[in-house]
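Pasting a structure below so you can have a look.
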Amino acid sequence: MKIGSQAHHSSAISTSNETTILIRGRDLTQELMGRIDFTEHFWLLLTGALPTVPQRRILDSTLVAIAEHGLVPSVQAARMTLAAAPEALQGAVAAGILGCGSVVLGSSEAAGYFLSAIATRIDTGISVEQAAKAVVLEYRAERRSIPGYGHPLHKDFDPRVWRLFDVAKENGGVGLHVEIARQVELLLPDLLGKPLTLNVSGAIPAVLLDAGYPLRALKGVPILARTAGLIAHLLEEQLRPIGFVLSHAAAAATEYDGEMPPGFRGTP
Amino acid sequence: MKIGSQAHHSSAISTSNETTILIRGRDLTQELMGRIDFTEHFWLLLTGALPTVPQRRILDSTLVAIAEHGLVPSVQAARMTLAAAPEALQGAVAAGILGCGSVVLGSSEAAGYFLSAIATRIDTGISVEQAAKAVVLEYRAERRSIPGYGHPLHKDFDPRVWRLFDVAKENGGVGLHVEIARQVELLLPDLLGKPLTLNVSGAIPAVLLDAGYPLRALKGVPILARTAGLIAHLLEEQLRPIGFVLSHAAAAATEYDGEMPPGFRGTP
Amino acid sequence: MKIGSQAHHSSAISTSNETTILIRGRDLTQELMGRIDFTEHFWLLLTGALPTVPQRRILDSTLVAIAEHGLVPSVQAARMTLAAAPEALQGAVAAGILGCGSVVLGSSEAAGYFLSAIATRIDTGISVEQAAKAVVLEYRAERRSIPGYGHPLHKDFDPRVWRLFDVAKENGGVGLHVEIARQVELLLPDLLGKPLTLNVSGAIPAVLLDAGYPLRALKGVPILARTAGLIAHLLEEQLRPIGFVLSHAAAAATEYDGEMPPGFRGTP
Amino acid sequence: MKIGSQAHHSSAISTSNETTILIRGRDLTQELMGRIDFTEHFWLLLTGALPTVPQRRILDSTLVAIAEHGLVPSVQAARMTLAAAPEALQGAVAAGILGCGSVVLGSSEAAGYFLSAIATRIDTGISVEQAAKAVVLEYRAERRSIPGYGHPLHKDFDPRVWRLFDVAKENGGVGLHVEIARQVELLLPDLLGKPLTLNVSGAIPAVLLDAGYPLRALKGVPILARTAGLIAHLLEEQLRPIGFVLSHAAAAATEYDGEMPPGFRGTP
């Protein structure tokens, strides 16, 4: 049964024969292994070209920024999953990655589309402020939250944001998307009636889009970065398990408020 | 309900307050972002210490080696999943990672335990050859395959293996585990009655264990590496979709051989 | 770190002590096991009440309708995953379920919201036709596809649709949502310029919403049903493996069209 | 690239043409929808034959038994995942299913292989007691735990076990595997030096194997059953979210015990 469009029948990422593996046209063993680092390889896989030094540094700083932030939900889901199913580390990593969603961890993607929509509007000849205002108002009209702003812990300022902007500046990489991100932050108190600080998931797409990173791969940055953090937690879970301690404490923080036969007593 | 051992109640990877995020005791924004690359960060997350230059280079070469190998099963599962569920890139990545198993892609872990078992035996005072022979025979007695040997495409030699060994050599990182991996390859024709070449999933743990990478995090290397490859494929899937082409071709390669009412004709 | 709203701290589904497990206020072993079937239990879990006989029959017919449709993408992803990672059947099921998305298999959810939006409009006093037309035009204005209509194989009519409607009729369960679903089908040729037949993912929410099944659990029906189909395929995969045959055929149906060094030849 | 054995190229579960969908040789819309329930359909999908009434009842009782047990790790992982990624209910279900592992929830599979190994030994002519003793001792020699015995909450007796046995008895379905399961329980105090009660994951394979359910599909029972429970929790999560409450409480129950710069204070 043929589902969906079937216009394409090819891939341009890799091919191989018995002696050679090509990645984006380059001989894996001769040109890449031992010559480029993993971040360069990731950029090459995505774009078909090696990154410049500034591009690599900016990408590295975003991956380092978002890889780890303690016992957040995705990490807890992964550690509980490994505790229950130690036979499959890949399953525990997958459970963690599934929490890279639109609300937590994965909002870099939505923020990138938001910044990009403003940039497209600017191309039509209006100012950054006008374009930003127009798109923010459209989001509000559709009752969508403004992605990339606000953080439960880092309320007044997210320390990672300014560091990312500094790294971008040091590498000549501050451009239109960073400008937009800052402009929106200035406009939000007026437009929303309350201030909301730019968070790391808003700053990551700003610096990456300015550096030429592909828009539709933005969610790949928190996913790849967090995979590194998850693996570290799953190593620790094997050595000093807390998966069931986490789930026990979580369950103890909630009550059963459904029906009960008279006289029934739950076990804490 | 308390399940399992609950001896531990702490994690040593990250903590934070409103202004500072600590990763392994280091200030994320001041000491790490913009100063170390993603591979160094991964090593730091895992071990609590920054890698030496040789450690970083060896880890990079393994990540580059295993990130991508064309339209393998894990990539196909991910691309089909994105085609069916474009709303959740994280789900497509997770579907791909779930294929990082004991048979394909994830056998670095089992190979690491195998090499490590031989190394432990050597510590008791016997030779590499004696230890290797003993452990291979035990695996055979338990009908377990020898992990890290044999490859469906790269039958005579896996080009990535020798490149990994070269990178390790260039970085002073060839040690006992590489020696064991080679010794086993020499012994297999006799012990199994047929030659089986060392493959990339056998070479990765050999060079990483020699470099001091933690045994229980070995599966993290193909998982992290392949995540990069998956993201590249999922970017391409958005631009030039083939997910349904793949599933259509796969279905067409199989037949229905179950019961049928008389006269029933399937649709190709 | 507190993320999101934390207004609720309780669950009403299940509690237990050392001797008794309560499910929705009922004693699991005394009142449920051996007394109700799995479909009734599912309805009880979702709603807190046992279904009537018509509700159970309608739910059963939707679960039976959508459980299995051959080697579709989700099944292929699951079988390839088990072939690569036989140590974790749960991982293979998860890989399959991840393909229950907005495009394939999971569109019952979007179709339910669509039918429900029309029903809400009717509550304001306009006719079924007027309400249906208004909502279809809004979807078109937002360039959203009309969920629940069209099928790649069952173009002229989806045999499952009429059977579902018959089962609903036999059980006194045809109501407003079925009427809406049919009305939309009549309007589409005019509104879209081409006919699109109601498919199974449109009929499922129609009969279930008429039966009182909860809107926000609609995606649970294809997910639960397909889980049954996936387990059957994963049993077959253990007995007669085709996971790698599928991926081999799929890969062979595509070409590499990226860069290549002069003279490079791929291996088919 | 051809991986693994490729001896098989067919599937016997389902095929279709434009007007008819066959499931195990039966016309889906004419013979199955509206005529059989979901449990019967599951058995048909697995085995190719409809279950007898006793088989259906026993399968139903196992599915009802294991579908739900409150805020266990798999449910927490699913609810946290939906809170973070509300765009993909399938991802939250998948995260929950991934916790159906060898330690928690999924041990029915290992228990089934254990009971089956004893049954095979009995076929050679020794007594149930002798066979059970032999296999238990082998497991202990290989330092494997005895699957299906012991429970963190239901220590003295698991109420679901006796109910399952009663349902089996009522349906004429108590046979060799139940006998083995009980015999092992009697032997464990002597063989392990402590009593361990049969738990629900040991009783499920006992009654199912006696009823003719396929051994290699045993893990499908907790997976399918728990999927129903997960969907109920994910409906509740949409109406009364606690995903972040769970993760907040879990994080608060643990400490950071890694390195810290002098004077650093974490935020609770």
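Letters A, B, C and D mark the chains as written, and numbering starts fresh at 1 in each.
Everything that follows uses one rule, which is that a residue touches a chain if its C-beta (ideal position, glycine included) is under 8 Å from a C-beta of that chain, and two chains touch if they have at least 3 such contacts.
Keep in mind that what you see is a predicted model, and the values were worked out from it rather than measured.
The chain pair C-D and the chain pair B-C differ in C-beta contact count, and the higher one is C-D.
The most distant chain from chain A is D, comparing centres defined as mean Cα coordinates. Mean C-alpha position of chain B lies 34 Å from that of chain C. Averaged C-alpha coordinates give centres for chain C and chain D that are 23 Å from one another.
Residue positions 1-4, 9-16, 18, 20, 70-73, 83, 85, 87-88, 90-91, 94-95, 98-101, 103-104, 106, 153, 242-245, 247-248, 251, 253-254, 256, 267 of chain D are each in touch with at least two other chains. If you draw each protein chain as a dot and join the dots that touch, every dot ends up joined to every other dot. By the touch criterion given at the top, residues 1, 16, 70-74, 76-77, 80-81, 83-88, 91-92, 94-95, 98-106, 153, 242-254, 256, 267 of chain B touch chain C in their complex.
Taken together, the chain A residues at the contact with chain B in this complex read 1-16, 18-21, 23, 28-30, 32-34, 36-39, 41-42, 45-46, 56-57, 59-61, 63-65, 67-71, 83, 88-91, 93-95, 97-101, 106, 109, 153-157, 159-160, 162-164, 166-167, 170, 214, 216-217, 219-220, 223-225, 227-229, 231-236, 238-245, 247-248, 251, 267. Of all residues in chain A, those touching chain C in their complex are 1-4, 9-18, 20, 22, 24-27, 48, 70, 72-73, 85, 87-88, 90-91, 94, 103-104, 152-153, 253-261, 264-267.
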